[in-house]
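In the two complexes below, chain A is the common chain; its partner is chain B in one and chain C in the other.
This part shows the complex of A and B:
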């Protein structure tokens, strides 16, 4: 039987990867198209506010292929990308891959740290709230989570920055530190900020999942058979945590995409901050590369999550993935 | 005895206040954009300026009151517009189905696979067309969730007996969809719309925080926050006032939406 047989895992992965590629292709075309619909001119941006000579403008345009027809520019770019070359940043004249390599680690650290906070706070609180549904703990955390889900990271971040950075003076106010532990220390407040909203979402999800599982017939049956509460709760958790675990994978993707605002708020030199400034400058190659990279990370985490589902849930394994 | 519905009361108070800001900011905060560069930044508690002033000497409180309009009106238009799209396309996809349904679902999948903030930033930032273009971009980005939600609700309605009888009466598809199904989908659609206002508020202010969508000098909460970031050590009012306003407004809308949702769910169960 071939790996691509109907209903097999190999075929499923292949189809998903192909869909991801199509998505990236469509996305890159849209971003490219947008840049061409807009009034700004990167060549003029680069040469500054002084009136540039026509020759200088021509030279810049020729260098970055800005003088070619739209479709030709797109295919030139696409051809280079397929060779691993994302072009050169128009603003800083540095290869895009170098720019990204300098910054991506910080963004990954930020997303990773706030992922850890989200999981370590959101999930246990959700379980505790569901065990004691209707209690003061449940109600207060539930109300807090409504605030948390809606609270914008930049506003929360600035408040935290004021309270812990300026007023109490515990955490550093700006920047990314000098690497290693110092960087981690600089990332604590940003990571908490980023985890705030998504942690609230994870809390809600966990609470709903555990509550739903507690209402199942097998729980009543287990109790009536005289199982200890601890044992029953073990059973409930095993079932309830499957949807939680899979949604956590998606959370990582969201965190990765959500770093822009937090990086700008805390002046961190990650790829989100780079994206924000590159958009202002209309630095096409950089915007393209970061958009595609983020979409790729999100698509790949989604795929990993589905495969994880397959690994942890015997029911899914039996039915096969759709 | 009937329980007092505390949630809508608690959520309603800040929303009323913000509503008053939006409608009457011209009277409450007439000097919002008046600059006084010679004075510059002053801390909270300065006479005449309860929350101090910003870099340009503008009164923080008045600026925040005037900023309510730009922060709130766009999101309401976004939520309303995207629900209109959702009701139209979602009903068609859910009731007629077929190729249209597949095409719309794929379109929704495509947009949902992307982080909204990032795409909104890239699209609105690159187009750079000001406030209403940004509203339009966000409306398009918000519509897939609405299309999906309406589609699901329409499919749930379509198998109900009253639709069967409407079919037996040979009513036209258009009449069944828009005279019979849509009114029954409307409650949940309105709740979703309310929740979407909160999301749009956060997204829209995020863009203006990053410097897109709202021109310099325009009073706006997101813009005010990004200006206030540079004043952390000099005037805490510059971030706390707009920050609290955004957080409280979004939370109040969410509370209200959650409360409505639970009520409609309870009614659906009771039926």
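This part shows the complex of A and C:
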């Protein structure tokens, strides 16, 4: 890598990070505003359906600055965040950072395991189906993938639970276990559920990319030069997998941000489950933190993917990242 | 007390296919059978016959109980959903507690007396210790009153203590509580089923003023201590062997939060849980069909009814309110929408709140029956509407929580009935939190209430629904005078008369339409049963009553 290229890469990363920060800032304002506009009053939610005493409502509103004008509330929140203070959950009276720290690792493990399943199943099947396009294998996996994309994840989850949790009694039915391997064991069914739809997409993407590459002129040329099938396939794969690899970054972001239904179905205490309850409760500090965190994870994976692109594709290295 | 089982997240998931899917899966399963029995209710409330034979208190190592939604704080002063109460009932106590008939008996107080209408003197039980072994003192009671009264630390109970001037240690084991003005309902204040959980100041100081959070937990004098609490995951409790009430049969109680009802059924099917509280009536049959599982029903002291905002047109017109009330086929709703698990409500007070005063379940119902007795009569409804300001009908909307599917079905049935009178009711489903906002709002002339009574006090709901600031914007001087009178009436029988009289007068104006008094269902491993399972069971140390069948 030349000195010039390295310099431009550094600048590129800096610009991307700055853009990410701006994006997060804008997002925080939009989410704050939308939550503010939705009906409901967090102070009232805390008290439930009973005769709310005006004093109690007032005390709660004052404690969480809910009695301040909208913009002032936002800037109070922003000011605290810039000092590393994400506030306190209105619903549970626990600091948001503590609340997230307890849960984020579980959601990461779930998304990670699901990602591994997606890649290890979706990509090889896609390649195999493309090699034997039109074969029984290709057709059956393609049909299955349509079902996979279409099936609602909670229905898939319940089906897996019944078959593997109750009937065959192999996997646990709910919860996240006692940590370590036990937790991973508990996460197998949720991870498969989560991987179902997106795995089908990855399969289709891989199959299309490999098929597209197989139709390129250089393939016919390579065969005519007398290269062995194994060598030709190596060439094809190298080219075909570039778009696949880069899309996988988005897949991880999608998995990380899409755990809500699966976490609720399998009773997992991750951030998806927390987000689901916090949105309806209007627990603003918690919703803000989770949306920003999810956006950050997605932005950082996208950046990593682009850098990966840079590393694996000589054409991009030559042209430079835009 | 609190939200109608806040299960909005679960209901989000309940697509139309969920039940069908489960039925299909159950049909495929080889080990499903329907030999299990569903505990029946006697239909008149009170406790349910749950024992299929003889059962006794035997040592149970671990009892796993699934709740349908998580709690985020285990101190009900902070968060007061039903499930917060069920957990706190195992950990902490008040001065008094309801027995199975709803009558208050001593808990941490051995006895109490009332030398004058505003003074209550409690004599503490001796030999009571906290779960860490330290003794309970009168100072702890005084601190706990202050805690329950504190608007920031206990926003959910502060309102109950607003009329309390203070608590004072008046003897080594005596505490005197003074009220600003007489209110006989106060007896239900220092009760763990309602508004007080005794702890000690040092426990709260040790956790930097945090109470009930996963880091702070909560320490009381109850038969269990919390060993771990993770929101959205569960709570683990360990038996306290020094509990003054004796050793509980269950050593470890694991409470798991499982929001998806079908997952909960499968967890029972797999034998992973022993018990599930507040099961969904929609899936009652699937629970009953689950292997080795009994379903127990008991009245839960809940009231469901229509609220009219009498300050909002056209509901400011009594003929409109009467027309809608007469169009409510309450008998059919209870039969079809609740599968008979509930009964037609005739008052704001629930029968379990007067049973111990008037004698028995039948007498309680007879006493409340004349309060609201508009029978279903479509012709009479049409006649009322014809006399109203909107004889041709009108269009209105109602907001219904997704956690209350039966209420949504009720309004849809009502909408179909009143459509032929020219009345259009649009049913809008919304998260439970948004529904709170419809209560008493001028934007929602037609609304409903699903209220869980926390206490056995017959004036609990009317102290809100007929008092100033009520959601119907209803005002009546005669009713207000009777409300004031009952607050000061020391004779329970006379007080019930006043409470009934106030409701009779008010309900003649139809600001509310009582629909039904509900029942809660609990599923349990059929090798166990719950002794004397009734409306107050889960609000007292309930694991103490788990019996093992012979």
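Operating definition for what follows: the second predicted complex is superposed on the first by the 315 of 322 C-alpha atoms of A that agree within 3 Å, B and C clash if a C-alpha of one lies under 4 Å from a C-alpha of the other, contacts with A are read in each partner's own complex, and residues count from 1 in each chain.
Note that in this section contacts are C-beta pairs under 8 Å (C-beta built on N, C-alpha and C of every residue); 3 or more make two chains touch, one makes a residue touch a chain.
What you see is a predicted model, and the numbers here were worked out from it, not measured in a lab.
Enquirer: After the chain A overlay, clash or fit between chain B and chain C?
Expert: Because the two structures are overlaid on the shared chain, the partners are seen to clash.
Enquirer: Taking the superposition on A as described, I'd like to know which of chain B and chain C A:92 touches: first, second, both or neither.
Expert: second
Enquirer: With both complexes superposed on chain A, which partner does A:275 reach: first (chain B), second (chain C), both or neither?
Expert: In the superposition, A:275 contacts chain B only.
Enquirer: Examine A:265 and indicate which partner it touches, taking first as chain B and second as chain C; both and neither are also allowed.
Expert: Both: A:265 reaches chain B and chain C.
Enquirer: Name the contact category of A:51: first (chain B only), second (chain C only), both, or neither.
Expert: In the superposition, A:51 touches chain C alone.
Enquirer: With both complexes superposed on chain A, which partner does A:102 reach: first (chain B), second (chain C), both or neither?
Expert: A:102 contacts chain C only, not chain B.
Enquirer: Applying the touch criterion given at the start, work out whether A:166 contacts chain B, chain C, both or neither, answering first, second, both or neither.
Expert: both
Enquirer: Which partner does A:34 reach: the first (chain B), the second (chain C), both, or neither?
Expert: first
Enquirer: Which of the two partners, first being chain B and second being chain C, lies in contact with A:242: first, second, both, or neither?
Expert: neither
Enquirer: Which partner does A:296 reach: the first (chain B), the second (chain C), both, or neither?
Expert: Touch status of A:296: no partner.
Enquirer: For the superposed three-chain model, which listed region of chain C (279-287, 297-305 or 369-377) is the one that clashes with chain B?
Expert: With chain A aligned, chain C clashes with chain B through residues 279-287.
Enquirer: On chain A, which stretch or stretches are contacted by chain B in one complex as well as by chain C in the other?
Expert: 38-40, 152, 154-155, 158-159, 161-162, 165-167, 173, 261, 264-265, 276, 280, 282
Enquirer: With touch defined as at the start, can you tell me which chain A residues reach chain B in the complex?
Expert: Touch list, chain A to chain B: 23, 26-27, 31, 34-35, 37-40, 143, 146-147, 149-152, 154-156, 158-159, 161-162, 165-167, 173, 253-254, 256-258, 260-261, 264-265, 275-276, 279-280, 282, 287, 291, 294-295, 298-299, 302.
Enquirer: Please name which positions on chain C make contact with chain A in the complex.
Expert: Residues of chain C touching chain A: 1-4, 8-10, 12-13, 15, 17-18, 21-22, 25, 28-31, 70, 72-73, 78-81, 151-152, 155-156, 158-159, 162, 210, 212-215, 230-234, 256-260, 262-264, 266-267, 269-270, 272, 430-437, 439, 449-451, 463-464, 467, 469.
Enquirer: For a test of understanding, state which residues of chain A touch chain C in their complex under the given definition.
Expert: It is residues 38-41, 44-53, 55-56, 59-60, 63, 89, 91-94, 98-99, 102-103, 152, 154-155, 158-159, 161-162, 165-167, 169, 172-176, 261, 264-270, 273-274, 276-277, 280-282 of chain A that touch chain C.
Enquirer: In their shared complex, at which residues does chain B touch chain A?
Expert: Counting only chain B, the residues touching chain A are 110, 113-115, 117-119, 121-123, 125-128, 198-199, 202, 205-206, 209-212, 222, 225-226, 228-229, 232-233, 236, 239-240, 242-243, 246-247, 250-251, 253-255, 258.
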